[in-house]
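Each chain gets a letter, A, B, C, D, E and F, in the order it is written, and its residues are counted from 1.
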Amino acid sequence: MSALTHIDEQGNAVMVDVSGKEITARSAVAAGYISMSGSCFALVAQGRMKKGDVLGVAQVAGIMAAKRTSELIPLCHPVQTTHCSVEFAMLPEKHQIAASCTVRCQGQTGVEMEALTGVSAALLTIYDMCKAADKGMVISDIHLVEKRGGQSGTFRFEDADHV
Amino acid sequence: MSALTHIDEQGNAVMVDVSGKEITARSAVAAGYISMSGSCFALVAQGRMKKGDVLGVAQVAGIMAAKRTSELIPLCHPVQTTHCSVEFAMLPEKHQIAASCTVRCQGQTGVEMEALTGVSAALLTIYDMCKAADKGMVISDIHLVEKRGGQSGTFRFEDADHV
Amino acid sequence: MSALTHIDEQGNAVMVDVSGKEITARSAVAAGYISMSGSCFALVAQGRMKKGDVLGVAQVAGIMAAKRTSELIPLCHPVQTTHCSVEFAMLPEKHQIAASCTVRCQGQTGVEMEALTGVSAALLTIYDMCKAADKGMVISDIHLVEKRGGQSGTFRFEDADHV
Amino acid sequence: MSALTHIDEQGNAVMVDVSGKEITARSAVAAGYISMSGSCFALVAQGRMKKGDVLGVAQVAGIMAAKRTSELIPLCHPVQTTHCSVEFAMLPEKHQIAASCTVRCQGQTGVEMEALTGVSAALLTIYDMCKAADKGMVISDIHLVEKRGGQSGTFRFEDADHV
Amino acid sequence: MSALTHIDEQGNAVMVDVSGKEITARSAVAAGYISMSGSCFALVAQGRMKKGDVLGVAQVAGIMAAKRTSELIPLCHPVQTTHCSVEFAMLPEKHQIAASCTVRCQGQTGVEMEALTGVSAALLTIYDMCKAADKGMVISDIHLVEKRGGQSGTFRFEDADHV
Amino acid sequence: MSALTHIDEQGNAVMVDVSGKEITARSAVAAGYISMSGSCFALVAQGRMKKGDVLGVAQVAGIMAAKRTSELIPLCHPVQTTHCSVEFAMLPEKHQIAASCTVRCQGQTGVEMEALTGVSAALLTIYDMCKAADKGMVISDIHLVEKRGGQSGTFRFEDADHV
């Protein structure tokens, strides 16, 4: 079998068969960043004090996108997420906003893609809401921070071999 | 009015009123990267010679996600895209794949978010298809390369003032 | 913790963590009404004798919307509904149509929102199909009639303390 | 032809043919209410001062649902909304929250259903976020406040003949 | 350029660029059949006299699926359908039901795929609703009956060169 | 009770109650064909040697549509598919392409509709990608090849009584 499990021996794309896998508790955390100009960052920071602000909308967008991951990622299994949250940290020195998304489920397959999709949608929503002030924003460093549960066990980004 | 056009004076999130804007030809190009281990990069590169490979699936995922942007980004207007394409470049020295997404429409609002969403979904799909081989992949540098049309005219990332 | 379980201590919107909850049989019934002019009511009543009538379409709309509740209600968990039905009663004295929606699942979270969403979509569909005859229709009294199963046990609207 | 334009002479459900209609500016405003216990109302009112509060999430839900109206209401035409906003008013004497949704488009068909769907989804989201504190909440009086544009011209609820 | 317009010279899948095409009135009609056992056919025929029957539900399913064609068919452009209807004919001698779907729009691209998707979803829904009585049903002869409008003009299946 | 389980005694459309059914391993295989002109068939056959070809895109479309079956087929239960694959065979003598779709789940209800929807979407996508070369293509013989698991046990099309 191929080391890329979504491609079978004939080169076909398939949704990997997880029918025989155990239902276990699974969780995943993903993170990423958006960098913007100082003036744009200041507008977001001020808005944060108000209702309906940029980060409030981005939080909802991230959670809703995480739930729809299997509609967006072609070979991703549908999962019944039992928890999803999106959090932000303002990093004033770099004019950056950090986003993270945590997802949990009881299932036969992991929720890495849900966490990564949630964080991506949250960052894209920040871009959308701020693009009138700055079109040069950059989304970067979207990665899986940690995943737990399932056959392959725990993964931590910091322990990974980045070669 | 606020400089962040999606937030009105009372702090409410609104879909900006574009009713009075002209219908013009609009286009946008966005780009981004995914970095992976050398061994994972080699698997993708080999697969590229076959049908149903990683990049073929990611291309379809990017185009399909671009069409659904207004479902994912809360305050984004629905648009009738008249063209969408996703392209990849293999960058062997850095074990990176570059992705770009081009979107066009005739409408009252731009397609920047469609291009950015398309490129994000394509890169997330690469992650999904390769994660059995490498969970430490990093998606980075997602940005708007260029947009044309509409009241604010042409934007080029390289000309932008990144402060 | 906040009494509003969807908001954490920092004021963030979160999808409540139900990972630790037992999978139990759950059901919910919701109801609501639409009031219309006498002439519009008569048209619906006559149509009811034919195929493809207003209530037949509204029934399908309610069932389909109930299945998509977690896409519409931001912090609602996805559930695998095992049963859904929508019923109507014609109330000629008041020119009203009563709608109710019953949903069941085996899961870690209740189906109250599915039942309420189903009944809302059914009533909105009646409005849509009749609005050429009457735009002054009013949808009212959408409420949870009953829910069973889960940690909080049985709720009956009639027993609730409406203060 | 039937007075119910969605049903043809054979009793079939059809999406009304608007191919020959002019593209004009159209708008619609819908409103509705949710009543709750005094203690639940107080929790929402306090939350309003913080980010990520109940009404902030409900606002996003209403706007996103309005954009997807044609997916939910079977015979509703797809429209390209050019504006959508959702607003709330707290009514402390009655422990009620009033919601309204305004939608605009340039098109061949009106946006009444979009406004009604937006207000319904916003009120359902308030129910979802508060149901841990009060399951006896009631959604009521969802109606079209006003619509403008199109062949049938302006409609105002207050002027309508409610017989 | 390739004769298959969805594949460019490099073999990439693309959404064909229709930006430069004129907005014209377009229509398409597609048809297909489902064959079933005599006893199953009799059950559907009887049900047709009642509300909520098999064909009433299939009609709604076909119309709703036609509206979502661009979500299902990867390289299909989103269109704003201005009309959609689904019709059935009972063919007792062959225990067949014929379905047809008619779609219209004003746009830069045709609605052939919308009509074909609508007829397919209607037939699949008949299968779903009757499968407890007969799992051996066969869906056949789904084809484009006619299309009008656009650069390539009128197509009629009966005139086509079927080699 | 009616022999058509989706219609109750009053003629209402309902999502059949499967709450009491056991969770068992279930699978289904569906198949179908598309016939085209010889010249069109040759174009597809050549494209098959390249990336991003017609069948690669159709494969992804089939898998993605299978996952969304319960959104398209009104009374179909949502299921969590644990496996989905789409395969093609080129039949040069008849200028036909055969498609099959295999789906598996652990659940309370079968996946026949998922397999049939997947094969239909794959064939419609082939039509879409080839229609510039041949609008006279015909999709035919979509049927359930086999299903396993659940109360009604194994079904094989070849063993069925086609009267």
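Everything below uses one rule, namely that a contact is a pair of C-beta atoms (placed from the backbone, for glycine too) under 8 Å apart; a residue touches a chain by one contact, two chains touch by 3 or more.
Computed from a predicted structure; not experimentally measured.
Listed by label, the chains that touch subunit B and also subunit F are A, E.
Although subunit C and subunit F share one sequence, what matters here is the overlap of their interface residues, and that overlap falls short of half of the numbers used. Taking the mean Cα position of each chain as its centre, F sits at the greatest distance from subunit D. The centroid of the Cα atoms in subunit D and the matching centroid in subunit F are 37 Å apart. Inter-chain centre distance (subunit B to subunit E, centres taken as mean C-alpha positions): 31 Å.
Centre-to-centre separation between subunit E and subunit F, using Cα means, comes to 15 Å. Across the assembly, subunit E contributes residues 12-13, 50-53, 56-57, 59-61, 64, 68, 74-75, 80 that each touch 2 or more other chains.
Taken pairwise by the contact criterion, the protein chains fit none of the simple patterns, being neither a path, a ring, a star nor fully connected.
Per the contact rule defined earlier, chains pair up in contact as A-B, A-C, A-D, A-F, B-D, B-E, B-F, C-D, C-E, C-F, D-E, E-F.
Contact residues on subunit F toward subunit A in their complex (touch as defined above): 25, 56, 59-60, 63-64, 67-68, 80-87, 104-106.
Those residues of subunit D lying in contact with subunit A across their complex are 48-53, 55-57, 59-61, 64. On subunit B, the positions that touch subunit A within their shared complex are 2-7, 11-13, 32, 37-39, 43-44, 47, 50-54, 56-57, 60-61, 64-65, 68, 72-76, 112-113, 116-117, 120-121, 124-125, 127-133, 135-144, 147, 155, 157, 160-163. Residues 8, 12-19, 21, 70-71, 74-75, 77-80, 107-109 of subunit B touch subunit D in their complex.
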